[in-house]
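To keep things simple, chains are lettered A, B, C and D as they appear, and every chain counts its residues starting from 1.
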Amino acid sequence: MSEEQEVVTVVKAPVYLKYNFTAGAAPARFLAQIKKGVLTGQRCPKCSAVYVPPRGSCGGCGVATEEEVVLSNKATVQSFTIVYIPIPNNPIEPPYIIANVVPDGANISFIHLMSECVNEDVHIGARVEAVWKPKEEWDFAMDNIRYYRPIDEPNVPVDQIGKLPVTGLEG
Amino acid sequence: MANLAAVVGIGQTKYMTKRLDVSIAGLVREAAVNALQDADLTWDDIDAVILGKAPDMFEGVIMPEAYLTDALGCNGKPMLRVHTAGSVGGSTALVAASHVQSGMFKRVLTVAFEKQSESNAMWALSNPQPFSTHLNAGAGGYFAPIIREYMRRSNAPYNVGIKVAVKDRLHGARNPLAHLQKPDITMQEVEDSFMLWDPIRFLEACPSSDGACAMIIANEELADKSAKKPAWIRGVAMRSEPTMFAGRDEVNPQAGRDCAADVYKQAGITDPRKDLDCAEVYVPFSWYEPMWLENLGFAPEGEGWKLTMEGATSLDEGGDIPWNCSGGVLSSNAIGASGMIRFAEAARQVRGDAGAHQVEGAKLALGHAYGGGAQFFAMWVVGSEKP
Amino acid sequence: MSQPDVLNQAFELGYTYTRSTGPVIGRFLTELRNRNIVGIKASDGRVVVPPMEYDPNTAEELSEFVEVGQQGEVVSFAWVKEPREAHPMDVPFAWAMIKLDGADVPMIHCVAAASEDAIATGARVQVVWADETIGYMTDIRCFELV
Amino acid sequence: MKEIAIVGFKQSDSVSDAGAVNEVEMIMPVLSSVFQQVGINNAQDVGFVCSGSCDYLQGAAFAFVAGVDALGAVPPIKESHVEMDAAWALYESILKIRMGHAESALIYGFGKSSPGELPIVMSQQLDPYYLAPLWVDSISLAALQARLMLDQGLITERDMAEVVSRSRRNAMNNPHAQLAGDVAPDDVLAEEMYLSPLRKADICPVSDGASAMIIATVDKAKEWGVPYAIISGIDHRIETHNLGMRDLTDSVSTRTAAKRAGMDAGKVEVAELYAPFSHQEIILSRALGLGDETRINPSGGVLAGNLMMASGLSRIGEVFNRIVSGEVQRGIAHATSGPCLQHNLVTVLEKA
C-alpha cells in the first residue's frame, strides 16, 4: 500500500428506492370509510366471516370479500402484550399495551394500541371501545382510531371472542 | 415412492452478531466449504446448488443467488433460490432433498444464510408502508399475545419460558458454534432480564446473528460410499396456512399438526416422544418450546410445559427427549439459516457427530422450522439407518 | 366525499447497509482510496478487475493481486441521454465496459463524454478520481476520454 | 421417471399499471380461471402449490405471503415459494411430483412492477460491492450487450427491428398483450435512440400481472379428462455473475439447458423465448440453433408485455396452449433470470 492507512474492511452502502405504493382495492374501500370515521369489515361470500381490516380476500376460502359491513366501536380483547421497547418510527412511550382486538360484528382481531387503562388490569375477554382522533385529523389511516380503552361491560367468555354480533354482548 | 437420499456433509459457520471479516459471499462460502470438507468432496462433485434465505431486504441484495453463483461454484450448474419466510432454511433443505429424491440429481449442495449485521432485521420487517392497516411492533409484538393465550389455556406457571431459556443456553454452551455462550446462566438471571414484550423477557428471545449453514445431500449409491456416516432422510413434509382467517388457532396451528403427522407417518413414528431420540425445533421465543411440544404431538394439549419443567427436553438433566441440544434458535439466530441449522443439527445427531451436545446413541431425530405468522412449516426426520 | 379510484402514495424504501468486505474486496477498495487499481489473477491467468473473490471456472479462492493501469479501452458502451435520478451522473453519459491496461477482463463503469459521437468502441479512457476517496466503488467518479 | 403433463394455464392481461389492485387481488382472478379450466375448486384439489415472486418489485418484504391468501389454504396445504420467476416454481413442483409426494401442482407467478422504477430496482441485484453502488440499470447493461453484438457484426439494427416488428404483429393475436400492432421494421428504425444502441421498442415494457399453471401426472390428467401436453424435459443453468467474464454475445447456459432437456430429440415447431430485449431473442435463437422450421414467439414474447416473475412461466404456458389447440406437436419454452441472460431454463413440451 502506498500510504500507511487502515485497510478497508467495512463500507456503508446506501440503498434507497422510491415507490408509488397503492393501497389495494379492498383496503382502499376500508380506508375511505375510516376517513369518514366509520370502521368497516368485509364479509366472505363463502364462509360469511367478516374481516377487518380487509386485505382483499378471505384467507381461509381464497375468495374476494365484497360486501361491506359496518362494525361497532366496541370490541373485545382477544389477547395482548405490554411492550417495553419503542416501536421504530413511532412516538409512543413504553410501556404501552398492544392488544388483539375483535370489533363487535367482526370475526378476526387486529392489533391496536390500548390506553386509559391500568396495564396490569388488562385481560383476555375484556371489553373495550375505540377512541377516535378529532374529526379534522381523520385520514386514510387506521390510526384515526387513536387507541382502545376499557369499558364497563362484563367479560366475554373465551369461546365467544370473535363471534359477537355488531350489537355486542346483548345482541 | 421417493428415491432414498441422505445427508453426507454438513458445514456451518460460527454464529455471531457481526461477521465483519467476510463479505456476504465469504460467509456463504465458508459454510459450503466446510460441508465439502466434511463430505471429503470437491466442487466438481456437486450437481446443483439450492440456496435459501429470508427477505432480500435483510442484506439489500435482490435475488442474491445471481451474485453468489461463483462463491458456490455454480457456474454452469442449476441454482435454485427458495424463500418461505422464517421456515426457509428448512424448506430449502427439503427442496434440495427433492432434487435427489426425485431421481433427477445424484448429489446437491444446499446453503442457507443471513448476514443480519448488514442491516437490522427489525428495520426490514417494520418498514412502514403507506396505508398500513396493521400496527407493527416487531416479531415479539406479534408473538407475545399468542404466548399469553397459551399461558391462559394451559395454566402453565410463569417460569416455563425462563426454564427453556436457561436450558437452551446450557445446551448452547456445549456447542462451540453457538452465538450465545452462557455456561453460567441461571433462572434468576433470565427472570431479572429486561421485559421486552410481556411475557417475553430479553433472555427469552433469540439473538440476531450472522451465519450460514450448508449440507450435501446424495442419493443412495453415493451415500453408501460416503466418507462419513450418512444421515438418511426418513420423512419430509411442508404445510402452509394463511396468516389470518376467521377461527384460526394461532397457538396450535393446524398446519404444524398436519405437517408433523405427515412426516411421522413417512418415518413410521407413532409416538414421537418415544420413537424419536431428539429434536431440533425452531424456538425463537422460549415459550414456543411447550407450545410446539403440543403442536408436534410430544405431549397432550395443555401439557407441553410439564415436559419442559420435568427436564424431559434437557440434555443436562438427562431428559428422555432432548430438544435443541445445539442451543437452538435461542442461542443462534441467523434467520434465513436458522431452519437449516435445525435440519443439519438433527442430521449431526444421527451421524453421531454432534460433539459435546451429542445425544448418546441417537438413531432418529426431527428437524423443524416455521415461519411467517407461525403459518409455514417444514420438517424432516433423519435416521442413522436406511429405511 | 367520493372514494378515490386508486389510493396511492409515494414512499421510499431505504436503508444504509453496513457491508463487511472480506480481504479481497477490502484490498481493492483500500487501493481505490489510495488512488490505485488492483486486479486479481484468475486460475487461467487472466487478470480480473475489480478482483473476484472466487474463480468462476474452478471455484477456487483467488488471492494473487496485480496492479493495473488507470487507463484502458472501451470494449462496449451504452449512451444514456436521459440519466436517471439514481445514476452517478446528471448529464448525458455513457456506461462502458472498460478493459484497463494490464487487465484481461473488462469492468463496468461510467464515462463522461460531451456527446454520443465523442465516444466509440476502442476509445481510450482514464480514471477520474473523486475529490475525496473513501474506499468505495464511487471513488472512481467516472472515466474520461483520453 | 413419471411423465408429467400441463393441464391448465391462464394469464392476466399484461398492463402497464394494474391500478388499485394489490397482489392478492391480482392473483385471485387468474387462479379462479385456471381452476375452472381444469374443473377443480381451489388449491385443495392439487397436491402441491409453488409460487414465484420478488419482494422488491413493489417494495415490501414477504410479498408471497399475500399470495397464500388467494389459495383457500384451509385446511393447510403443501406449499412453497421461490424468489425467482415462477418457471423455477414449476421446476420445484416437478421435483415434488417425481419424488411421489404429489400427483398434481398449482404454480403461479406474479409481479406488480409499476410502483417502482424497475430498471433501477434491478440494479440492486448486481454485485453489492462493485456494481450495485453505481446503480447500473438493467436496460443499460442490455445496451452494452447489444453494442458488443453490433460491433462484432453479429447483428444489425435492422435485425433487431425485425424482431420488434414480428413481436408487435404476433401480439395482435394475443389478447393479453400490452404492446401490439402492425409495425414494420422501418417504423422501428425510424424511432430515435433511447439508450443507444437500444430504441424504446427494443426494450420490453414494464408490466403488472400474474399467470398460473396446473400440472399433473399423466394418470391424474386423464382422470381429470382435460387436454394436456407432456413436459418431456426441463433443465436450467446459471453462469458467472461477472459480466466481463461471460461472452455476452452467446448464451452458453441456454444451450446446455436445452441439450439437457432433450430439445434435439425432435422437431421444434414453436419456441417461446424470454427475451426482454430484441437482440437477446437473436442470441437465444442462435444459442439454441433454431432455424426456419421453428416459429419464434408467436405470442409476441415479452416485448409485448413482461410480467416479472411470471413471464418465464407464461412462455411455457404459451407453448402448452399451442399444443393443446392442435396447432403444433412439439415446442420449447425458455425462461431467464439475472442481468443479460445470466440464468436460463429450457422446457420441452410435446403433444400427448
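Couple of notes before you dig in:
Criterion: contacts are C-beta pairs under 8 Å (C-beta built on N, C-alpha and C of every residue); 3 or more make two chains touch, one makes a residue touch a chain.
Bear in mind the structure is a predicted one, so any value in this text is a computation, not a measurement.
Ranked by separation of Cα centres from chain A, the top chain is C. Averaged C-alpha coordinates give centres for chain C and chain D that are 30 Å from one another. For this pair, chain A with chain D, the centres built from the Cα atoms lie 38 Å apart. Distance between chain centres (mean CA atoms), chain B to chain D: 33 Å.
In this assembly, the C-alpha centroid of chain A lies 45 Å from the C-alpha centroid of chain C. Shared interface positions of chain C, defined as residues touching 2 or more other chains, are 6-9, 11, 13, 15, 17-21, 25, 29, 52, 56, 136.
The set of chain B residues touching two or more other chains comprises 20-21, 23-24, 57, 59-60, 69-70, 75, 123-124, 127, 129-131, 242-243, 245, 248.
Multi-chain contact residues of chain D, defined as those touching 2 or more other chains: 19-20, 56, 59, 68-69, 71, 73-74, 115, 117, 120-121, 124, 128-129, 132-133, 240, 242.
A complete topology is adopted by the chain contact network, contact being made between every pair of chains. Residues 5-8, 11, 13, 17, 19, 21, 25, 29, 42, 48, 50, 52, 56, 75-81, 84, 86-88, 95-97, 105-110, 116, 121, 136-138 of chain C are the ones touching chain D in the complex. Against chain A, the residues of chain B that register as touching in their complex are 20-21, 60, 122-123, 126, 128-138, 140-142, 144-146, 148-149, 152, 194-200, 242-248. Within the complex formed with chain B, the chain D residues making contact are 1, 49, 54-56, 59-62, 64-65, 68-69, 71, 73-84, 88, 91-92, 94-96, 98-101, 121-122, 124-129, 132, 235-242, 252-253, 256, 337-339, 342-343.
Contact residues of chain D toward chain C in the complex are 19-20, 56, 59, 115, 117, 119-120, 123, 128-131, 133-137, 140-141, 143-145, 147-148, 151, 193-198, 240, 242-245.
Residue ranges on chain C touching chain B, taken from their complex, read 7-9, 11, 13, 15, 17-25, 52-59.
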